[in-house]
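Have a look at these structures, which come just after this line.
In the two assemblies presented below, subunit A is common to both, partnered first by subunit B and then by subunit C.
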Partner chain A sequence: MSIVTLQLGQSGNQIGFEVFDALFSDSHCSQGLCSKRENEAYQASCKERFFSEEENGVPIARAVLVDMEPKVINQTLSKASQSGRWKYGQRSCFCQKQGSGNNWAYGYSVHGPRHAESIMNLIQKEVEKCDSLSGFFIVMSMAGGTGSGLGAFITRNLQDQYSNSLKMNHIIWPYGTGEVIVQNYNSILTLSHLYRSSDALLVHENDALHKICAKLMNIKQISFRDINQVLAHQLGSVFQPTYSEEGSSHYRRNPLGDLMENLVSHPEFKLLGVRNIPQMSEHSLAYSTFTWAGLLKHLRQMLISNAKMEEGIDWQVRPPLSGAPTPGKMPVNKNPHFNKSLANLVILRGKEVHSADLGGFKDPALYTSWLGPDNAFNMWKTQRAFNKYEKSAALVSNSQFLVKPLDMIVGKAWNMFASKAYIHQYTKFGIEEEDFLDSFTLLEQVVASYRNL
Partner chain B sequence: MTQSVVVQVGQCGNQIGCCFWDLALREHAAVNQKGIYDEAISSFFRNVDTRVAGDGGSIPKGKICSLKARAVLIDMEEGVVNEILQGPLRDVFDSKQLITDISGSGNNWAVGHKVFGSLYQEQILEKLRKSAEHCDCLQCFFIIHSMGGGTGSGLGTFLLKVLEDEFPEVYRFVTSIYPSGEDDVITSPYNSILAMKELNEHADCVLPIDNQSLFDIISKIDLVVNSGKLGTAVKPKSLVTSSVGAFKQRQEKPFDAMNNIVANLLLNLTSSARFEGSLNMDLNEISMNLVPFPQLHYLVSSLTPLYTLADVNIPSRRLDQMFSDAFSKDHQLIQADPKHSLYLACALMVRGNVQISDLRRNIERLKPSLQFVSWNQEGWKTSLCSVPPVGHSHSLLALANNTCVKPTFMELRERFMRLYKKKAHLHHYLQIEGMEESCFSEAVSSLSALIQEYSQLDATKSMPMEDLPRLRVAV
Partner chain C sequence: MGRRRRPAELAGAAGALPEAIAALSRALPAGPSPETFRRAKFDRPEAAPALWRLLFRVLSPPRADGASASRALEAQARWVKAALLTQGYPRLRLARLPDDGSQGSRELLLALSWLLARKPLLEPLLARTRVRLGDELPAFECGALASPSLPAPRLEADGPVDACHLQWLMGKLRFRWRNLMASQQEQCALLGKIHMYTRGCHSDCRLGHLSVAETELLRDPEGGRQLLRRLESENARLGAALEWWRRELVFWQWMDTVLGACPPEAPQPACPPGLGGRGRTAGAWDPAVWELQALQEELQAAVGARRAAWAARVRGQGPEWSAARQAAQEATREAVGRELAALRQAWERGGGPQPHGPLRLVRTEAGAPGGPGLRAVEAIGALKSREACLEAALHQLQAQCRQQLARLAGALPGLLWIPPPGR
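Presenting the complex of A and B:
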């Protein structure tokens, strides 16, 4: 089954390009550590999911590119076609002349209704090229105006028009210290709207990706391209083909469905995060070897302590002891930093993958009481290595990991809202104070729900 | 991509405008080596086939034939505009986009605003409509004028109302030259205050600039250029003050160097909208992020570096110096000290080979020494444009919505009151039809209200920051 990707705004388009490039490079990589036949099956599966074929053999990304001003799309299209290996469809773009001005209200109330029809038509054309549709992957940022506002509008349209298809929104969580001054307003409006119309929100935080670039990749002058490439690597390790079960002989067919079935079982809990291990520069990769035991131990602790990468992990954080506390005594393990999970999915790729022991992830102490590890935990194992990493593990998790960042954004937006600063820019385009209040209410609910897991 | 139209009004406005067009051409020539008329150029220039009679047929794509500035030149004296039309830029201007008169406004806002306003309203509208028609998607009007005189001040602000009524969706960015203390026009305080009221009510964003600051910057540059210190050879084209005649040591006209600074400001302001980058910033994002309340739309600007030293490799220390300088009071284009006042919002627009990590490192470094209003502690808007200005490897334009504009306004009000109390020169104004004393009192009230807003914000500076109680939800 295929995934149709919707790249929205500057962020969405810049990232989308890196993701397709990473997927393509990996599927054509010679160091798959598997048989030729295996590799071909992998390539074919990747292709079915993400690329369609053109007459002269150059694969075309299953994507629709949308932006309200032309510069980024032009750049994205030319970068893709310059590579010569894959490209975007000639008529898969929708562009306007003037951007959304970082104004969520403009993206949602002006651009949305004005251009929804054209955009939905493009999406329909892309859907028709698929033999079978797994769903939609919408790449967008929360901080700006187009990705966020128009993104929210289009997602709602997708819900109406393709009510049987799955939608996953990939959201860029902006740096804590501003890229955009009104980013907190734009973020709360985006999140609250998406929570109602999307099936899952897969979040990547700029701050986390930045640290990975600095500490693990050792990049001195970090550019957005570097950040996007780390992101693309993480997404690739999740979305590239995997086997369905132990001993299965074919790749999973429904990437989005399988992902969501495991991870998003309750409509109140839709926030997903990705962790990947190991992550390093290609240069260092050549000199490194790992054991599954070591990798999984680190990955588990990254989950428990809410670490974004394998360096600087806090090993003191432990899950609470299972069983009821002795009456009259306080529970011995009070762990304010413990990151409780609702559901986890571990994806392993590479050498000797069958020997990997994931017992640590099946510990009931990691999960909420109302969903035991039998339902909450899943694993997918694939021999074919990813992106030249002899062994790599990805963790997609529905956990408390975003509680603090979300709480922070809501808090800052609330403070700003109390002073009424910038509100006139939103009411100008039909987003009233009530809409803000609705968003605040919904998100406080989400924060509370996750806190009480 | 969108287009912008520059409306240059009065002597000062036209002189600055002239410098701006010269620099804009140079910049596009440097970036656009193949001579193709692309979207970046189209933001400020039309491509015209001069063989076609009349209007000159517009050529939307392809090779550059003849570039015409998207400009409207207005002056009630002929001197400056005539000079422009006889100078090296004469072919850049469309001769039909001019409005001139002979007598001048006599440094009288009322003459500019009321007399010439009504006299030329139709013509102004016609020229503006024409220039808008030539645009595929008009986003912004840039008005350049001075506040102290009669034409720029009076007619320039009359224009704002016309623009607001006729093109309500198009942004109005005003670059205003404020008179310095030793201004030789006695009535400049009157003109400025009367103009301020219009700016308060009809401008989307104002970039106040004063001559004294520009002059101080020139002096600083001269010191370095002429000091002849070893190892401090300055690249000639890299001066923020340089123009076509950059190879000459002394500028021919006294104000050229100063005007070029303002011209560079406008170029840098629009660079991220015209050229590509990893974090674009369009013009509509400027007012969205920097104007938290409609009345508080005055942005203090600073440009760095002022010059590039001849040694080529810029280690990050120098890059960091560029960021530090942007916040020093010596680099601001008005007499202001943002570091010791309160920030409502700050934009950093970077050009050249600078990456997000450089930007973030410097924000982290400088943040502790700056004070932001409690509800906007992370009030930073940033942009990265890949294309540096001509002669530089990178540059930074900082725009601050900061209470440090208050002293400028208060001083202006004081100078105004000194004259007004004695009713000095008032009759020159009151004898103009439509002018009454209430115009003056309303204007000064409007300014006082604005000053009051800034004062109230300043008062919050030393208050402890409290997090407001959040909504409680049932779980």
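Presenting the complex of A and C:
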């Protein structure tokens, strides 16, 4: 089943390109560590999901590119076709001549309605090329102007027009010390609108990716390209083919559907985070070997302690002990650093994947009381190695990862709102104070739900 | 018990009975050997399990899956007894047979012949296992819903059920439904492609193109051989059924002797004396009717006493709860009445009986003169009206649930309901 990707705005397009490139490179990588037949099946599965075929054989990404200015889109298109290995469809782009000046309300209330029809037509053409549609993957930033406002509007349109199809929004969480003054307003408006019309919100934090580049990849001058490549590697390790439930004879056909069923079945809990291990520069990779036990131990601790990468993990954090708290002592459940999960999905790729022991992730103490590990924990795997890593593990988690960052953004936005700073920029284009209040209410509710897990 | 009268060509021919029984055994699915039938006349215990299994197979609803077929003999025997009772089978001796399926082969033989005589039994069984070559539209096969289904294993909730957990399960169900929709759309798209690519390949020009099964036949010779084998065995069964219909008179005469071999029933209140004898005329039923009426009165008295006792016990638990329950009963009665009215309306609106039976999908050129059979537009219309009925029923049920929730919430002071975001 195929996934149609919608790349919105500058970051959406840059990231989208890196993702398709990573998927393609991996599927054509010669170091898959598996038989030729298995490799061919893997390639075919990846191709069905993300690329369509053209007469001269160059695969075309199943994507629609949207931006309000032409520069980034043109760069993206040319980068893809220059490689000669895959490309974007010639008619799959929509862009205008002027930008939107980082104004969310302009993107939502003006660009959205004005251009929705053309954009939805492009999406429709892309959908018709699919024999079967698994769902939509929408890549956008949260805090910018075009990507976020327009993205929120388009997602709502997708909800109306393709109500039975799955929608996952991939969101870039901005740097804590961002340059845009109104980024917190944009963020809460985007999040609240997406929460209503999307099925799942997969979040990547710029701060975390930046640290990975610095500490793990040892990059001195970190560019957006480096960050996006780390991101693409993480997404690739989630979305590349894995075996289906019936066993290793077939690859899973509907990864988006299976992922959502496993992780976001409760309508109040839609925020997902991704962690990946190991992550290192290609140079270091040649000199490293790993065991599943070691990788999984680190991944589990990353989950519990809310670490973003495998360096600097806080090993002191433990899950709370089960059983009634003894009188006179501190209530055992109040462990402020422990990251409680609602549901987790672990994806293993590489050598001897059948020998990996995931008992640590099935511990009921990791999960909330009303959803036991039988329902809450799932595992996907394949023998085929990913991106030259002999063994790699990814974790997609619906947990308290984002409670603190979300709470912080809501707090800052509220402080600004209390003094009505910059509100006129929004009310000028039809986003009223009530819309802000609705957004605050919804996000407060989300924060409270996650806190009470 | 009505019985078809056939010209008495073969009546009395001594060799005709084994052949008739052999034909019946070949025509039935999972038919027991003719030897089993003979043993059953003498109530031999070794014949019983095969007959229990046969009755289970014969009475199961059309879409019963493999899991139900592999149930233990005990479960099958219990189910057969219940199904026969539902259909009105009169002999209580069968109901009193032990559940372990070890006895009663003669009673089972009688039950089988009762089913055979009552209404067409072989035809629907044969239709069920027809080899289907075309791509079918499954939506219009009625009767699948009407038959009594096997009770699904019930999961008892131990302890209070968390509302959050239920929401999770509901969400999971919704996702699975959406994935199913996507799969079905994929199937339609691929079917369309196959039909389009194989245009002009079919020897029957009314059809014009191949179905999936026929395409597979061409692609995979081994599959073709298997299909041929299935067609051959279906032919054999059809031939056996024809032979049975020619010879069955002999079987009924033999069944009379089987009945005669039964010991007289012990005097029980609900066992009419005239059943085992000859001459199944209406007059023989009067004592049966009288006995049944007496039994019914007895049952009603017993049920009334039990209900009063239970109501008294329940009343101790809280007056508002039993009042709510009575209100719920009243609401149920109203709901059933409304649903019947809606069904009647829909039937009239839909222009009478809906399309019915298996339909093969055939793709034609746009604007080509229509052949026999249902057009897509009509099929879509019929499905849409059915969808409208079901949606109306769903809305009603949802409204009822909402009212019930509001009632429960109102009963608990200080409780706030906050609906989830969106919709």
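General remarks:
We take it that the second predicted complex is superposed on the first by the 441 of 453 C-alpha atoms of A that agree within 3 Å, B and C clash if a C-alpha of one lies under 4 Å from a C-alpha of the other, contacts with A are read in each partner's own complex, and residues count from 1 in each chain.
FYI, a contact is a pair of C-beta atoms (placed from the backbone, for glycine too) under 8 Å apart; a residue touches a chain by one contact, two chains touch by 3 or more.
Remember, it's a predicted structure, so these values are computed and weren't measured experimentally.
When both complexes are overlaid on subunit A, subunit B and subunit C end up sitting side by side without clashing.
Looking at the shared chain after the overlay, A:Cys29 reaches neither subunit B nor subunit C.
Shared-chain residue A:Gln445: touches subunit B and subunit C both.
Once the two complexes are laid over each other on the shared chain, residue contacts for A:Glu268 go to subunit C alone; subunit B is not touched. Once the two structures are overlaid, the count of subunit A residues touched is higher for B than for its counterpart among subunit B and subunit C.
Chain centres taken from Cα atoms put the angle at subunit A, between subunit B and subunit C, at 140 degrees to the nearest 10. When the two structures are aligned on the shared chain, A:Asn164 is found in touch with subunit C, with no touch to subunit B.
In the superposed model, A:Ile227 makes contact with subunit B only, not with subunit C. Legend: residue contacts after superposition of the two complexes on their common chain; A:Val58 is shown touching neither subunit B nor subunit C. Superposition on chain A leaves subunit B and subunit C with their closest Cα atoms 8 Å from each other.
Taken together, the two structures place residues 445 of subunit A in contact with subunit B in one case and with subunit C in the other. Residues of subunit C that touch subunit A in their complex: 162, 164-165, 167-172, 174-176, 178-179, 181-183, 185-186, 189-190, 193, 418, 420-422. Those residues of subunit B that touch subunit A in the shared complex are 1-2, 39, 136-137, 139, 275-276, 278-280, 282, 284-285, 287-294, 316, 344-345, 355-358, 360, 363-364, 367, 374-382, 384, 467-468, 470-473, 475. Contact residues of subunit A toward subunit B in the complex are 10, 14, 69-72, 75, 97-103, 145, 175-182, 210, 213-214, 219-225, 227, 410-412, 414-416, 418-422, 424-425, 440-441, 444-445, 448-449, 452. Within the complex formed with subunit C, the residues of subunit A that make contact are 1, 131-135, 164-166, 192, 195-197, 254, 257, 260-261, 264-268, 369-371, 375, 442, 445-446.
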